[in-house]
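Two complexes are shown next, each including subunit A; its partner changes from subunit B in the first to subunit C in the second.
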Partner chain A sequence: MQKKICMLGGFSVGKTSLVRRFVQSIFSDTYLTTVGVKIDKKSVALPNRTVDLILWDLAGEDDIGSFRVSNVRGATGLVLVADGTRAATLAVALTLRERVEAEFGAMPFVLLFNKSDLRDRWAISDREIDEFRQLGWQIYLTSALSGEHVDDAFHQLASMVTA
Partner chain B sequence: MTSSLDPIRLPQSAASIDTEIDRAALALLLVEIARNVDPEHHARFDDVPASDHRMETLRQLLVGREISELSRVTHLLGEAEQFADAVGGVLPSATARAPHVQLGEALAPAVERAVQRSIQKSPGTLTDILYPVFLPAIRKSIGEKIDQTFQSLNETLRHIFTWHGLKWRFESWRTGASFSEVVLKHSLVYRVEHVFLINRKSGLLIAHVTADNATSEDPQLISSMLSAIQDFVKDSFHEKEQSGLDTIRFGELRLWSEVGPFATLVAVIRGNPPEELHEIVRDVLLRIHDEYALALEQFDGDNSQLVGIETRLQTCVDMKQEDSQQGFPWLVVAAVLLVSIPAAVWLFLSWQSGQRWQAYVSRLEAQAGIIVAEQKVYGGQFYISGLRDPLATDPQSLLSGTQVDPAQVHSQWQFYQSLEPEFVLKRLTASLAPPESVLLSIVQGRLVAEGEAPANWINRARAAAEQLSADGVVLDVSQLRELNLAELNYLREAIQATDIFFYSGKAVPGPEQTPVLDRLADQIKEFAQKARKSGATARFMLTGHADATGRETANVSISASRAETVRALLNKRGVAPELLVVRGAGTFEPVVPENSRTGSSTNRRVSITISLE
Partner chain C sequence: MRRLPREVGSWIYDFFYNEHSVAYLKIDARLCIAAKGGNVEHYGLSSLCIGKPVADQLEFMEGLLPCPELPCHMAMVELPNGRVADLHLFTGNACVWLLFLDTTAERDNKQRLQQKAYEMTLLEERERQLNEKLQSTNEALRKSQEGLSREYQRAESLLLNILPASIAERLKANKKIADNHAEVSVLFADIVGFTERTRSVGAVTTLAMLNYFFKTADRLSERYGCEKIKTIGDCVMVVAGLPLARSDHANALARYALELRKAVKRERFAGEPLRLRIGIHSGPIVAGVIGKRRFAYDLWGETVNLASRIQTSAEPDEIRISDATHQLLGPKFVCDPLEETELRGTGRVRMWRLSA
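What follows is the complex of A and B.
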């Protein structure tokens, strides 16, 4: 079983470094700047089956207009990534999700607040995060540095897209 | 039961269609009817009508709404126009809700008939509809056909003059296939290494088949990346066409993709594949779509519904055209060399000897007085025939230096007389033997004789000129002058008047004769020289004489001896001996008559006579 997952997020939120250590990859990061997309694979073992998440890492751009929405066609889930130290990146991630849902309808997603290791520069309040959780959203505070919660997030998404 | 009857109130508005049944009115009516069913009561009212209007009221009360609905529906069904409107209103949503398979089956005959009718009525409409669909397909097909033709032409030209080309031409002749087919079969060496079947929407890998020994990275990632690249090209250049990237070429590796409605088939080929492979790949994709249409359309990353699809893809991977690596055919090469080297040497030698022969023939043809009529080379022998002037160069002598073996030359020459001036000149020189004072030459194609000659020679020359004019050859003798012989005659007389005298019994002249001999020698030499210039040879006859004394035999002997002595003495003085002829006359030619006893000194002499030849 394989599923197409798109990783969305603004510029420099750490999407690429987030997956680098945890996924199977054959393409170099230069694909992001040349083709605008890089494909990685994350195999997640669920209790009854293994799911191969084919991760489409789309080039992060703060300019939403240049976002190539056609790359999301056929995706069954999203990984929204925001930089926990820059509040503006949350808005970018949410806007990207809105654009995708407008085009292809609602789909399961997880929201990752990355760079959780930089607590002193943290810019997202717990209250805000709680509000999202109350909407039923799956929120993870991740660190590409320590790998904290990264596997959990993919595991969660895998069970959501195969449900 | 009481007989007092309450007036019955007929429920006028009680049974509203939209509301429930008026229970109060129904109760009243039922009570009323119940009363009336009392036999006694009925007996008192004989005039109760058979049809009771209350029944109708009851019916209205109970099923009034249904009656009203029924009447509306009946009316609707009866009025075709209204019924059509009603069906039209629900038809789109009804169609959408109907199970697709059943609806498709139900509609298929009607749709087929409709399409058929439409085509019969106006074929243009359907053509216009299908034009945008067919045009890209036709264009692609024509493009592939042209590519195929060029590929075939290209390969044919590339191999037409090679050793392989010859071999394949033989194979083409043996198998009956066209030459270009055989060329393509051998030159298009390729192997389909991988085949990816990719979901068109998500880029997820549906199936992947690989050839033996072929390796690649994770096919799932490759599949998605290929899909991403397709999107990238389409987005970057705003390409609206629904087809995908047709060909990606990277050195020896080619990626050919065929796009279907739900899946794209990408074949990774190493080498130089024939264009027909496109069609084969497309066929496989079509068959897969036919067989797994629903599963492909609903593919969500789970390919458990697509069992057996890999077998179909395997047919693509099995395609290859391998170079026949049977090793270098040394034996064949050796055999060919064994035959071809002597053949080449023989050919070269034949060619060389042919060239030499032709050079010889050209040399002959360039010769004056030789006309080559026919020449041929047959079985390594040379045959030549023609005409030749006897005075022309001997053809055999011309062979020297040509490296043509004289033993192989068979010539047949007929003699003829060439009228070319140089040959006429040669012949004249031979027959007329002109004196040294005459010069025969060729001036502007004419023969000219000039100089001094004896009168009789000039006459001969004139006769020859007349004879030649009949053959159209001009011999100009106008410049010949008659030789002046006066001086010669004088010398001749002087020489012939000279006698050398001897003493009696002596064969050697006395010393007083020395000056006479000296003068005579000078005169003879001068005469001989002048005569030679005039074209004549002078002969000097030295005749020895004796007086009448002594025996006759002794006299003959001494006379001869005297002539011999003078010859020797003249020779000593530079006169060529071949000009001098000697004879002994004995006593038979005396100058003066004499007495045989005393003898005569005048008769003991050597006299000289000159003859010109």
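What follows is the complex of A and C.
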């Protein structure tokens, strides 16, 4: 079984780095912006089955208007990524999800606050994050650099899209 | 439809075909690959099997078919072999066609530009963040400076409680302080029977008694321009003519003594008013600050010693003054001469009782 998953978020929040950390267990400090789409595959072993996640790493947006929602067609789950050191990227991730839901209907998602290794530049309050948790959302504070919670987040989504 | 000459059309076809490495897949209604053609090697599609489901062989096709909205276009998709292609899906002849058009060069160009633009935006964002941080740091600094200046004022007012203002100023300027004063008047006053009363009234009343006495002494010293120098047990030492000299120091201190005697009687402790023994003497003294951490402004000299002796010899409720002080007093004061008395360490001394 394989499932299409889309990475959604503003530019430079770490979507490509999260995929690389999850798929290849590596991290590069060099920022290389993604243009268009990169597609990766990773098998995830769940308790009762194995699922191949087809990860669509979509170009990050600084202008929501240019987002190509058609790339999400066929996706069964979303990884929303915000940069914990740039508060404005949270709104971008949430808006992208709204765009996708308007086009394709609701689908499972996880919300990642990435770059948790940069504690001293952290710009999102615990209270704000708790409010999302209280909505029942699956929230992860991840670091593509250290790998913290990255596997957890993808495994969680894998079990959500196969449920 | 506008028709181009056959040669032009043919040239465009060849040019486009080569430039974009055109390849295609034909997908049947069961979503299996029915045919492939064009430059399939360019995209690493040579090994695709005809007759097998497309989504099993091309991962990115997962979930895309059947597609209710055709034609559909996905720009700049990076394929597993590293080539980048625009993908076009359209229908024709009861099949879906998947067209590959190479856009690797365009993607790379766009990426270079986008990279610069995003890096610039990130720098600007970072600059803004750092500026905000700088501002809040400055604000915190300003607040702590305010706190510091409040602390300084508090320390200053504490210092002024301990030392006369002009002495405190000189001390802050790190000057040594030891002055000869030619003419001052020195007063000692203590509570009659203090030790015995302490025993009978208990600690709380004792403290209240002392507090009342010293507060009254402080308050009056401000009013009459005298300086309270220190307290020793239940005894208070007050000086006039210090640290700034004044010619009427004896008058000032005499008025102070009369008022002090009256004022302490206004409050009763265990039913009894306070009664004082007061002694005054006038003469030259040395004044200065001793100590480095716990400052004390103090006076020394024979004048001080004699004032103390006179005070000790005074009767309850009596203000006893030396002959030297008496000579300095103005005509308004009422004084009675006392018999010459032998004082310890001084010999016979002529003294007066100040009564009004």
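Definition applied: the second predicted complex is superposed on the first by the 151 of 163 C-alpha atoms of A that agree within 3 Å, B and C clash if a C-alpha of one lies under 4 Å from a C-alpha of the other, contacts with A are read in each partner's own complex, and residues count from 1 in each chain.
Operating definition for what follows: a contact is a pair of C-beta atoms (placed from the backbone, for glycine too) under 8 Å apart; a residue touches a chain by one contact, two chains touch by 3 or more.
Bear in mind that the values here come from a model prediction, so they are computed numbers and not experimental data.
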item: Which superposed partner A:R86 touches (first subunit B, second subunit C, both, neither); value: second
item: Contacts of A:S12 with subunit B and subunit C, given as first, second, both or neither; value: second
item: Subunit B versus subunit C as contact partner of A:I54, first or second or both or neither; value: both
item: First, second, both or neither for A:Q24, with subunit B first and subunit C second; value: first
item: First (subunit B), second (subunit C), both or neither touched by A:L94; value: neither
item: Touching partner for A:M107 - first (subunit B), second (subunit C), both, neither; value: neither
item: Partner chain(s) touched by A:L118 [first = subunit B, second = subunit C, both, neither]; value: neither
item: Touched partner set for A:A75, first subunit B, second subunit C, both or neither; value: both
item: Residues on subunit A lying within both footprints (that of subunit B and that of subunit C); value: 2-4, 31, 35-37, 39, 41, 52, 54, 56, 68, 70-71, 73-76
item: Residue ranges of subunit B touching subunit A (in the complex, touch as defined); value: 199, 201-205, 217-218, 220-222, 224-225, 228-229, 231-232, 234-235, 300-302
item: For the subunit C and subunit A complex, residues of the former touching the latter; value: 55, 59-60, 62-64, 67, 69, 72-80, 84, 103, 107, 110-111, 114-115, 118-119, 121-122, 125, 129
item: Subunit A - residues contacting subunit C, complex; value: 2-4, 11-12, 31-33, 35-39, 41, 52, 54, 56, 60, 62, 68, 70-71, 73-76, 85-86, 121, 123
item: Residue ranges of subunit A touching subunit B (in the complex, touch as defined); value: 1-4, 24-27, 31, 35-37, 39-41, 52, 54, 56, 68, 70-71, 73-76
